[in-house]
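Questions regarding the structure given below will be posed in turn.
We call the chains A, B, C and D, going by the order they appear; numbering starts again at 1 in every chain.
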């Protein structure tokens, strides 16, 4: 028998069977997952659970960006690391765990923090980006490069007992098009630097950031399996893809009696620095460092991605 | 310096510091976690993420009940197992991963399915129970034993793109008391056997069951750190504990524009078979097998816990 | 029947029950103020209306069994268990939200 | 002022902003139908009312900075970004829900 007549191997049918029989996935959704290249920026409290479920679902390529090493204080929430991996690079620790869970995807380690200098060369290799970082400067940078390279961005954050999630730039469109907002459309001005609290300073309950990371994986699998970022699908079914759904932000408060709430955000902002037709942003200005993200966000100490 | 003057070791302060600075946890919450004995029934799609975050948070004792072995088809969602652990007992595979994440808790393997015969001797060793099983018969059995032994129960379930979560018997009370409902108060009659669909038959998206398991960990940590199941805390602050909050059910539908919804459930049902003053249930009748859960739920094939 | 003799409700299905209603998760339904016997319409009336007039799937006994909502299906009126509201006898009000949820057992 | 000259709103704080309001996540607030100049009360009016009359914390500039809601705080009127509703000039209606959310950056 010619194995090549089957789009997936026998091992893949067995491994992914339980999700392939879900009607919204199916064989087409599984093949889209296998073709997808996903980038997770930040191998911490959000990145660990997001990566576990995205790798488990069988994406083709999974890249991880992080310049940090594993510390004891990470382990209550960063569930892909381990006590024997303290002082390992987080990207290496995470990829070792992911390979054990699912050896099929190609894993790519980017053992450095995301920066204006490396962002273009890293992000352009992928179809979909997850922002799992820990500071405003990286959030603006990641949103900007996703607009310039036309990538959809799944951005989540958490602190103490609360979490937030937004899917940005869906469908992925160039500056000047009408579509879903970028991070700057929603937050045109960064918060005053002295009001920004990291998980290191403010604290975080492990499964609170965990639930937000898992929700990033839910969104990633929905977006990939539905063909929403698949350029060939867009050509095939352009009628379906023109309807713009409103962009929602998911809010989570563990101590509230109504712990989840979805609120409706604006679409793209006329005059947005990054995504409007009057955009002042270019790959050249970004990579040359003429947009100073750290200064823009008023940071005086070096930024640190948890 | 006398190390014993500090309630936690230096390693514990480092490991749990990020959650201890959250005001609703604090040192008291961390000590309550360390004193807590938690039982997870089912080492599958719900049990894996729930166990990871509950172990990471530093509970004192974590018991796992499951009679199955790891299979390839589990791995897209059961993130504590791994490809090299196929055919291992799930409880052993899970505990190996948990020990790597956090060696501090005492882990107890119960390598058998929960049954009327073993449920009393297992459940009585713990303070809080998570139902992470996969079939109606075990859900009724676990609820019944939790009423008989006065344990709070965090029950979750998932299928395809949907999930559900309820906290039952909170505060933990004997039959006849007024309080939060048991599983039978909410579902007095089991569903017709031919309408029950397992994840094996109906399919499941990995992070959908993942988000429900992580939410079980959120609820467990909230309940333990707030002292709600701590009998000594009840004596100290009885005024606070008398206010009965309504029991909520969390509904999740990944494909809905409003993916989460919290709905209000009833309190205990007059005449409930398990928790009312007219209860017909006793430890003797349960363990002797005179309540036939499998027959009650109309199963013709042996039940299987995923 | 004049439009002022009717009012609107939102009916939702979740937990897989939407598969019995052609995949529809949310319907707006116009119901009469009074039933054929001149009584206020109740949730019990709505259940039979949905089963007889809206549901196209032939597996009716997965929604209504022996004249009652199938065991394992929760009915929520404005996000509260209908047992808090008088169950099937609850008289529907304009703009009420009635949610039917199939209980899940997987894990 | 007679009670018919006032109406009720629900104001909520989330994302840690509740810590600036004595830990309160949800308030019901009674507001006048018209402001001192006889104009309909707006969300802009509400922001200053909350800052001046409700907030006990002294860190006022973590909520209002240079006369505007601090960057990084989202304002949602009935669960929609206030920029969809006319921002600060939106005229409040009885039973409106106004949610202030502090943006989180941790991960």
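Throughout what follows, contacts are C-beta pairs under 8 Å (C-beta built on N, C-alpha and C of every residue); 3 or more make two chains touch, one makes a residue touch a chain.
Computed from a predicted model, the values in this text were never measured in an experiment.
Asker: Any idea how many Å lie between the Cα centroids of chain B and chain C?
Answerer: Chain centroid spacing, chain B to chain C, equals 31 Å.
Asker: In whole angstrom, how far does the Cα centroid of chain C sit from the Cα centroid of chain D?
Answerer: About 38 Å, centre to centre.
Asker: Rounded to the nearest whole Å, what is the centre-to-centre distance of chain B and chain D, using the mean of the C-alpha atoms as each centre?
Answerer: 39
Asker: Listing for chain B: what residues touch at least two other chains?
Answerer: Residues 160, 199, 202, 204, 261-262 of chain B each touch two or more of the other chains.
Asker: By the touch rule stated above, which residues of chain D touch at least two different other chains?
Answerer: none
Asker: What is the shape of the graph in which nodes denote protein chains and edges denote touching chain pairs (line, ring, star, complete, other)?
Answerer: Here the contact pattern is a line, an open path with two ends.
Asker: According to the definition of touch, which chains form touching pairs?
Answerer: Chain pairs that touch: A-B, A-D, B-C.
Asker: Quick check on the complex: what are the chain C residues that touch chain B?
Answerer: Contacts found on chain C: 14-16, 25, 61-62, 65, 70-74, 76, 79-81, 83-84, 99, 101-107.
Asker: In their complex, what parts of chain B are in touch with chain C?
Answerer: Within the complex, chain B touches chain C at residues 42, 44-47, 132-136, 139, 156-160, 162-164, 186-192, 195-199, 202, 204, 209, 249, 251, 253, 256, 261-266, 305-306.
Asker: Please output the residues of chain B touching chain A within their complex, sorted ascending.
Answerer: Those in contact with chain A are residues 11, 14-25, 49, 52-53, 56-58, 72-73, 75-77, 79, 81-84, 100-103, 160-161, 199-200, 202-208, 210-211, 214-215, 217-218, 221-222, 245, 248, 250, 254-255, 257-262.
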